[in-house]
Amino acid sequence: MIKEMRIVLRNADKIDPQNISDYIAAGGYKALEKARNMKPEDIISEVKKSNLRGRGGAGFNAGLKWSFVPQSETKYVVCNLDEGEPGTYKDRTIVEKDPHTLLEGMAICGHAIGSNKGFIYCRGEYPYIVEHLNHAIAQAKEEGVLGEFDIEVRMGGGAYVCGEETALIESIEGHRGEPRFKPPFPGVEGLWQKPTVVNNVETLANLPEIITRGAEWYSSIGSSTYPGTKVLTLSGDIVNKICIEVPTDTTIREVIYEFGGGIRGGKKLKAVQIGGTSGAFIPASMIDIPIDFDSMRNAGFTLGTGAVFVMDETRDIVDVVTRIAKFFEHESCGKCNPCREGTFRCYEIMKKINQGRASSDDLEKLQLLGRVMSKACLCGLGQAAPGPILTTLQHFRHEYERKLFLS
Amino acid sequence: MANIKDIIARFSEKPGGLIEAYHALQKKYNYIPAEAIKEAAKIFGVSEAQAYGVATFYSYLSVKPRGKYIIRICESAPCHIAGADEVIKAFESELGIKTGETTPDGKFTFELTECVGQCQGSVVVTINGRPYLDVTPEKVPAILAEYS
Amino acid sequence: MTNSIAELEKDADCIFLIGTNTTENHPVIGMKIKKNVLYNKAKLIVADPRNIDLADYADVYMQHKPGTDVALLNGMMNVIINENLMDREFIENNTEGYEEMKQVVEKYTPEYASQITGVPAEDIIKAARLYAKADAASLCYAMGLTQHSTGTDNVKSCCNLAMLTGNIGRPGTGVNPLRGQNNVQGACDMGALPVVFTAYQKVIDEAPRSKFEAAWGVKLPDKNGLTLTAAINKAHEGEIKALYVMGENPMVSDPDLAHVEEALQNLEFLVVQDIFLTETAKFADVVLPAASFAEKEGTFTNTERRVQRVRKAVDPPGQAREDWKIIGDLASRMGYPMKYSSSEEIFEEIRQLTPSYAGMNYKRLEGRGLVWPCPAEDHPGTPYLHKDGKFTRGKGLFSPVEFIAPAENPDEEYPLILTTGRSLYHYHTGTMTRRSAALDKHVPENWVEISPVLAEKLKIADGERVKLATRRGSIELKALVTDGIAENVVFTLFHFAEAAANTLTNADALDPVAGIPEYKVCAARLEKII
Amino acid sequence: MVTLTINGREIQVPPGTTILEACKMNGIEIPTLCHDEDLRLAGSCRMCIVEAKGRPLLVASCVTPAEQGMEIETESPAVVEARKVILELLLARHKLECHTCEKNGDCRLQDYCYKYGVKDSRFAEGGSPKYPITDPNPFIERDYEKCIMCTRCVRACEEITVARAINVQGRGHNAKIATVFDGNLADSPCVFCGQCVMVCPVGALSSKVSAGIGRPSDIDKRVLTTCTYCGTGCTLELNVKNNRVVGVSSNRDEEWSPVNKGALCVKGRFGWDFVNSPERLTAPLIKDNGEFREASWDEALDYIAEKLANIKTAYGPDAFAFFSSARATNEENYLAQKFTRAVMGTNNIDHCARL
């Protein structure tokens, strides 16, 4: 039986998350202390060496991202807790169970890039997490562990697109959460035009252990190109709907059958969607891929946020994809043409297919629209939105064809 | 009005605090009243059109009056396959309203939402932000009874 | 303007507006100011009896009592001198009369100025500091400053303030009158004034006069003529017998219309040349149909002294003719041939006699136009005057100016101060805008702005019709209740002949130097119509 | 200098130049809808996308800086396919009534559909949002069923006029340009300058004053001139059709519109129709027994000449005064004072400078 390996969740269920002394007793804030005795550039190079890659979905080397930050009087560390991908609840779990690991990670990042102000952008769906975090920040301030580093929590208003880093920045600035074009990247010109590092909760929560145990230790865990662990959330037709943290060389099959306890009701697996609602639909025949960024990408899929959404043999793929199309139609910010209009038309056509009113022309239209959107949209939302459609058209085309002209 | 002004003014020193102010207003009024938009524009130095544009961008913000309790049901894919449609029907028939509507007594507003990040317990319903997990049509009357 | 419009958008880091409702009366300049304030964080000081649109963008807004500009400006200068914020070097090198001015300003402490103006002393102090500490402060004013019996004093005070702080002769600085009409600058430049030929060459001076006599081939009168308001008075008295009015409408624009009407009736002969049968034209013996701006070639000179081309787009309607053709024809018939074949030919004559226009010709005016002075054909024009603090007379002269109260002040019978102005949607006497369907539909009638306190006191509801009266007469119009005006001040527009503000205004109160009427202050009474 | 290849041609541009600018400098046309040189960049219409070798995504040329060694294709199959799909998507929500549209013949959407042969949209089946035209203001027609959400109007309102009357309301497919609470312009800070009409690339915003009498594409000429209203001296273009002024447009080139760079106010843009007023004076009038009658120029001018000469003889030159006009040209004012001084022999000339 393979076991979880807990780095970011190392304290989960072991300490009282409401109580900072529990965290300190478990060795908390030691890493920050250590980091403070290091030169910022040494921290950056350590993180670079650890090959910690962004856990929000883009998979960019965190240390490298930090190294692009130019000199500036004001810089910001922004933590992305706008976990909006359906099927994903890992960041909530991390923060719920151990908020100080995140705070410590942010402070380390702050020291590394020379910033003394951090923001946590928490999605509007988690008002209780905002309170939980504010409580933790207040305790940390009282203890003085954060030193000069100040952290403020901002709550989103219910917009999936704000998970995109520049939309998130716009939202913190009090604007409509519309993504900016890049370049300039936030690292150069971000929040209030100042250099800003935006990292996902899980990325930042890895930092204390990396500083404590060193880059070498971390880079030896899991897959060689995407080392460490990945926190995964299991949902759908799976026995154990749980949050787990496993080394990145764990396969999808292991995740579903070892940790997830297999398919509910003893049914067979039809498909698994990994990485959130824009992720690819992976047929049962292809689940021996390890859940590391590159292996997934090489197979034509995405790791994304690490959501594992399982569908059993009875599920109607077209119906689920139709629902997903509605999600994107609802969440498109409307700024760029191909996404605003494309997500709307995708949903229209999916509805038509799902209701048995479509012809094969409609499949061609979907394919064309998806192809253009994935290349021409302004931000990741629009580029990824056709993913489920395109991958199911590839792997589950028969399910579409079965629904054509049924009425 | 004085109250609205006070609530917004609490955030006036916060750069970009407009959305925070909206959240605070909604906590009290369950929506953002028209005069609050104008006041917020003034305090945060943005145009009224922009303040309105922000308020209408986010799903959780509303410029229309809503009920005392806002029931939201997730219908993203995990909840969808777990039977969200049936739960929606159950709420609609219990409340006597459709999604997007408010009960005549102003008590409940029923809205659809996308994933609220509790997929370990789909179907998920939230009432004023508090999550209810593994909701089935059968559980609906009991949940509503908590608010009677 | 001493400086150019574009400088207000980028070069000025502090803008002081006094007596100009820029966004309504010079909308495009207003846009530039707003842009500079909002996006470049330029500081903005607004002094106006009404809480105008730009007051909302101001760092300091001073709602001073109409007619107290000198006290306000002296108050600011008092602060600047006492806090040692003046530009000593500029004063030393480029000006004269500082001590005399300083002596007068001494008693205008912020507290004393506050008593007169009604502006809190701390705002006067704040405004003074903002203006004085700016790298480049631009002062702009319009008719709100000049249409007073002390209009000349008001302008002199502005010049004092600018010179005191060295805010002259550099980009983004200056004393900038925003002129109200498309070619008021040009009309002045061209000598359509009783005391000067073109380019302000004095008619009483021998040298220019003989130059013009030589060029025009006639003997020219050597004493100053009458201003427009004086001419109306002389007509009233019977000394002016014939009046030729070209594109003017004194029956709406001039103060005390009853008086104007009597004057016009008193004439032996009145010619009105216009594009419409204006209120004035109705009194004429002969009316001549003129061409509009769309129907002729020529040049206009804007408020920043930029000479630009006017081009003919369509033919005049019916037999209507360009003004220059009509005057030329008439002169010829009177035995003085004026045979010009084109406006360009006239312009060529102008530049021979007008040093500041000498370097211009139609070809050079294509595109960007030219800003005078432009003395030679290879001269690029002069976007801002007084470069390096060099003034026309050598050194800039400070003028000691004491505050003098307006001519007519509120009393028991007429307890309110009436001030007048324009709307964004109309222009001057409405001859053009009231015949532009959309503009007239949008703002079809006049109103009087009153404060909520006054409305309450007089039991007047917003939108109610009221009677507004002064010693000259009364009009009936709609009341508009607004927070933007002080309790004892009312404001009305002068575009509407049927409720003409100038029925009310005071023709007796003129600035002694400029002859400008005191449109901005008279005593008035507001009555409910029962 | 940065060296890159565009459509196989090696090109050098200064650092910081966008791909769009680089193309423009080299005469390569790129379609754009949301781009406007005077407004902040949006990068949102995606019409200007081009292919950059080695990049998986198409890049928006208006916001992407040219980089050393880039290899750009501006009309590759992928680019053309994407542009066609974007046009089809826009057409699907765009009310097609080109035959009565004020912008027919001067519409970017039309131009690009023509260029890329997009006759019809395959995506229109699902319908499009309905926005009835309701704003009663007399200046600006707002037809949001033609709007393509380029937001140029919003940016022009914010950045040129700084009225900030409009913004985007809602999001996604339901996003729409709106004033606060989606009301009428008259109830907003709108000052009806029409800068939004000026920048609108399609027929969503148009002038009500010109409606039905002269769309930009079928006017005979645009005559550049100087505005007749306030002293700012804005340059505007009189649109002429059949020897009649039918509208005002603006020239946005600073070299030709030095003061205002195309920006106008409500009077300049919408207050031109007095020129065509039936109340215009069309013949000289002489008052006989208190009534005006039409007269010929000869009669009128001779009559005036005689009267003025008589008065001058009887009362002296100073019994005459001339009121000139700040609305007349320099040339006319010059002649007015010349007439007064040289012909009438008095300095009694003035104009409304003080009024």
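First chain written, first letter: the chains are A, B, C and D, and each begins at residue 1.
Simple rule for what comes next: contacts are C-beta pairs under 8 Å (C-beta built on N, C-alpha and C of every residue); 3 or more make two chains touch, one makes a residue touch a chain.
Here the structure is a predicted model, which means the values were calculated and not measured.
The central chain here, found by comparing per-chain C-alpha centres with the mean of all protein C-alpha atoms, is D.
Chain geometry summary: the mean Cα position of subunit C and that of subunit D are 28 Å apart.
We define each chain's centre as the mean of its Cα atoms; on that basis subunit B and subunit C are separated by 56 Å. If each chain is reduced to the centroid of its CA atoms, subunit A and subunit D end up 47 Å from each other. Each chain gets a centre from the mean of its Cα atoms; for subunit A and subunit C, those two points are 64 Å apart.
The set of subunit A residues touching two or more other chains comprises 159, 176, 330-331, 333. Shown for subunit B are the residues in touch with two or more other chains, namely 50, 53, 57. Residue positions of subunit C with contacts to 2 or more other chains are absent.
Applying the touch definition to every pair of chains gives A-B, A-D, B-D, C-D.
Contact residues of subunit D toward subunit A in the complex are 33, 41-47, 49, 56-58, 60, 63-65, 78, 81-82, 85-86, 89-90, 92-93, 122-123, 125-126, 148-149, 168, 170-175. Contact residues on subunit A toward subunit D in their complex (touch as defined above): 159, 176, 181, 183, 329-338, 340-345, 348-349, 352, 365, 368-369, 371-372, 375-378, 383. Interface residues of subunit B facing subunit A in the complex, by the touch rule stated above, are 15-20, 22-23, 44, 46, 50, 53-54, 57-61, 75-78, 80-82, 113-122, 126, 129-130. Of all residues in subunit A, those touching subunit B in their complex are 83-89, 92, 123-128, 154-160, 171-178, 192, 233-237, 241-243, 273, 277, 307, 309, 311, 315, 320, 323-324, 327, 330-331, 333. Within the complex formed with subunit C, the subunit D residues making contact are 137-139, 159-162, 186, 191-193, 208-209, 221, 223-235, 238, 240, 243-245, 254-256, 258-260, 263-268, 270-275, 277, 279-287, 292, 295, 297, 300-305, 307-309, 311, 314-315, 317-343, 345-355.
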